[in-house]
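Letters A, B, C and D name the chains as they come in the text, with residue numbers starting at 1 for each one.
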């Protein structure tokens, strides 16, 4: 990447204090034109204030992009990922990871539309998000410049940031004067919290950290049952009512959040080499995973399922590390999608005080054969004597090994 | 295996009606001497009645083997498996699978000690257990004969079995007259239930199926916190009190069971090619898995962890399919064990109404570096500018791909 | 499978003595109608004699199917497999394995067309081919019966076979009176030889075993150069001349055979649990593999390539074991095919006395960037300082590990 | 790593012009004390001149380390790697990659012994070797500084380098005045050549590039047979004569080189993200790989072998990328080594004009059972009827899939 200054930059802009400072810093540091891009990914914040803030900071109306990406986010990113039952390091549903490629995609597209030569983001130099933003951007436009102010500037303390804001007439909300006790990222899939009060992994996360789920102790005393229907691996209806992808996830978030489901206290390995501790709340995603596994249990062949399971950790790692737009992620997606043709049917979940369990599943595509498995007379569906031969041939190499061991000892 | 009749058989004998019928059938069908082997694997049944029953059926005292294998079971089978965080098909903790190799091992050893040329088990020809018993037996003694009466005899209905029992003066408990509404297997790790009333995977399992855990709705209204300590990947203490492996698992079962934790309603793929539905209760194992993951989060390197994760499905499949005593399981165990050297420390779990969550973890072996991860000034521990180069080189191939795509289009 | 007798059987019929005996045995044993299917897969034998022989044995003309499947074989089976660079156990190009699914596919289709309820093959009960034939057949028609006479009849010696042939007026070629010194399978991809004189893996295979390749010592004293062109992973031209798939493989066989290339003396693990020794000759396939690897070297991204490499052994094992028509093979194929979009270009091979080496490759789709790799001035294409950051972050976890080791020691 | 200047540096010193310039540059740039380390890894150069050159450049005798590491190199690095049959990207025997960790290990140890706070190497910022050197160093001493002058200095052209050399009285051999037509690395395992005349992957490598092998055309007209014996996976004897590891590899290099074996023209993916083209000569290693595979064919169980095959690409990638001293490489090594317990026996190779083939193998540890595999009467070792059950149960899920497909269509 040529190192000279950008002329026009598309900034991923939330309207908050930090990205407002970045906006101003880009203008002053590089003297470049700034285009702001604010996306609704379901983070639960109004977008209008971002427009007003951008205007206040001198951005021309045609340079302010505000978009509702919730359906695209769920349809083209979240759902394909859930087809894989993806979990990073066994537990994390990748809520932050999966949102970054979409933001980068729009940044690069808006750069093309507005003639910008650079994009900028507000991620720090210690985390995974910088990697995810930038790998995605470069994969989509090899000549784009990426500006990561947190790696460049000298605003290395809260005090300096506030001084910069004041010096440049950036309004500072009262509650931003002091430091937040932790840092938050949110979208339709999850809320993540990390840093500061959460930095000691031995200490319980304080209650006030949780924002999207009630405490299990405060959840209803009565279980609730929900039915989720799937077509070709994607959720399409709740309790029989067909809904769009983002509507489904929104509804599942409500259900899960109400029952205190989807909390995760987690220490993970960042791609940049350090461990960090995060608190994740993924209420709808947790229901979705349980449901998807449930429908796969009866519709997916064991050969297909075991193959999927075996590549899942790698798939999850790719997404976590920011390689969504890579050939290998796309190859794995082709493999996964090829398995989902018959993953259609309905699952019943039981939600209760922090946990969700699949308690029933049915499908026209079911491979479950009561005729075969029954303890009762199976009318010849299965010949138990076949098992003797099956075992003998599976045992043959083990017998040869045992015979060798005996021979060499004897 | 030569097909002629066995002369002396060691039978895996529970003392129940089915294995008593097998005992008698072996005597009458083959005219062979029978040695009974009854093991306490923590199934929660008295062993004395098995001795009396065996004596009643004419087994000589020196041919009655009754053993408490609980410590060996947990130390040499359960714990090594938990080092891998093994889950079959994403959810099943392998409670039945892991017990079979130990039983076979003792059957083969007792055969050697008593001069028996065969072993026998009570598993049917439709399930996985026959495979697990027999592969283990053949791997330990290539010349052993294995008798699986359910695959051989013509006692193919409940009525015929009871007739046989009556004809041979086998006592029949009153509650065994009718058919059990489902079939149960239990040991210190879990209770599994399957068959009959459970055969429709669309229908909720009835409450009376659950035997080892209270319903989450009936669990205490107050959460309970438990601390589990690990050394080199194995649990060694609960709430600071050192305990033997079997004692730990017993204690964890009590804790988990009391809080309704570890229930699983599951449709799985059997090795013999059909799907089956099981209800599993693994209270202690569920706590142990969560705790082991928690301690690994701070003590295991990411390279080691991701490698473990990637081979776990294969490891779990091997155990499920009965290949515990195979070179490849042993190779994978060597890999797993090599990762556990520093998996030592303590984890705090929160137990509440059906779910368990790790909420704290600490260790002298921790790799978590607050100095690196902190949002505060890190005193030079980490240079954020390094991230720029890291990203550039990770992006290089993606840029070259994007440049090709553009070149071929242009 | 219902065990009662078949009414009409489609037999994979070569026209040779063994399958002629099977034909007659089916008629006499089951009193069933027989349909013969003889395919040209490039085994290098005339098909006309098979027709005459079938007629002689009483098969009605409409029940004699003779087909040239060479193009389908190479296009739909061999080429897809070579996209994966598939090698079983590191060395075997799967020449026999890949032909079986196609034969089964046609057997099942002809059964449907002729109203037959069964198919039959001439593979023995010890080998892999029975598995491949039967798994393919069942995957395509779950109700088909498969007859494997070698597992059923009592013609267990050469003498008995010949007696049966004589008793049923089956003509016996003079050279079939004695036993062949080894057994052969051939198709357009390879010739395999095994058994009898080859059964001691310590002994060199005698020269007369090799049928499709000259001895390297007898190959031309001058190297020959060949250029193979690829489009999307498949060979499309030799020395600039476009050819059909089967024509290309035929031509490559000539070239490889002339230079003594593609011989393999191999001890492999059969799916049925035993080791066997085979001599394989795959002249064209060996050139094709080397060429495909060569073109991938410049057109395939490393992420894509390493992923392909990592799943290749599993893919090869599936084909070897007979699971061509399985969901997991198809999923892997989807992954592999997704990688081949840009695997287009040309490779130059050097053929000489038993070996082949890729010595040049070029493509419009090349990802090789002389601008980046050059030892000369790269005009800013690559900033060597990026490597420092790249290394630092890759090293971070290793440093943390080393620091722990030091801390715990100190 | 603190960025301030090193006080004492251990330099990987070959005695050649480039590392002599580095030596002087370290002295002048940092004013630091320099310790030279020159290792004999079998590169085929005298070490005495390196000592004289170092003395000439003002290095104190106690700061000159010259060591013969050939035995350690082969025993602790090459042999463990060959137990895995490691090939990077299907073809490359990792000759350069495997030498770097050992050099770094000694650099770090000498730093500890001499009180040096830094190590330095002569690898450029574009290649893999910088990564390998540095990851190894950091893994062994988290506080060590690593100096990579090629990433730091401004001697960016041949002219500037020579000017620097002249300005500092560094002797310049006549043949070093002009630029070498390509760059070479050599050790006991291989010679690699890359750069300049080799940079166009479409062009054949010129003959003069090859240094360790004769052209196949110039190799003897008569094949030569060699027998290699193994114990637990490592070569221990040639033609029955026991030899040390380095002696064996030296002898195999002679044999392979004489017959023109082990040449590879290769385009590979560097860890730093670009493709590069190399010419590798690995004569002895090529024999060793073929032989090791040959002995594994009869002594390794299929389960063990297939598992090894499946993880090999990852193992090779780790070594290529410089992660020899990482937990995951050590875990994989534990897995691999656990498989080699019975990999003992002897293999016969045929060497002829550029190629090597295993043509015989035998062992007391053989699992090959002629009794089972024979086409002749096997005296009951194997019951062909077992195959029917084996196939039926392997087919069951495929039948259920086919039945579903039919049901949904019908």
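By our rule, a residue touches a chain if its C-beta (ideal position, glycine included) is under 8 Å from a C-beta of that chain, and two chains touch if they have at least 3 such contacts.
Bear in mind that the values here come from a model prediction, so they are computed numbers and not experimental data.
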Original post:
Which listed pair, A-B, A-C or B-C, reproduces A-D with over half its contact pairs identical?
Top reply: B-C
Original post:
C-D versus B-D: which has more C-beta pairs touching?
Top reply: C-D
Original post:
Once you find the CA centre of chain C and the CA centre of chain D, what distance in Å lies between them?
Top reply: 31
Original post:
If you average the CA atoms of chain B and of chain D, how many Å lie between those two points?
Top reply: 41
**OP:** Note the residues in chain D that touch 2 or more other chains, in rising order.
**Re:** 269, 272-274, 301-303, 306, 314, 326-327, 367, 369, 372, 382, 385-388, 390, 392-397, 400-401
**OP:** Mind listing the chain C positions that touch chain D in their complex?
**Re:** 1, 85, 89-91, 124-126, 130-131, 134-135, 138-142, 148, 150-151, 156-157, 183, 195-196, 199-205, 216-217, 221, 223, 263-269, 272-277, 293, 297-298, 301-302, 305-306, 309-310, 312-314, 317, 322, 325-327, 348, 352-355, 357-362, 367-370, 372-377, 382, 384-388, 390-392, 394-395, 398-403, 406
Original post:
Mind pulling up the chain C residues that touch chain A in the complex?
Top reply: 2, 269, 272-274, 301, 303-304, 306-308, 311, 314, 323, 326-328, 330-332, 334-339, 380, 393-397, 400
Subject >> List of chain C residues in touch with chain B within their complex >> reply: 301-303, 342, 364-367, 369, 372, 382-383, 385-390, 392-394, 396-397, 400-401, 404, 408
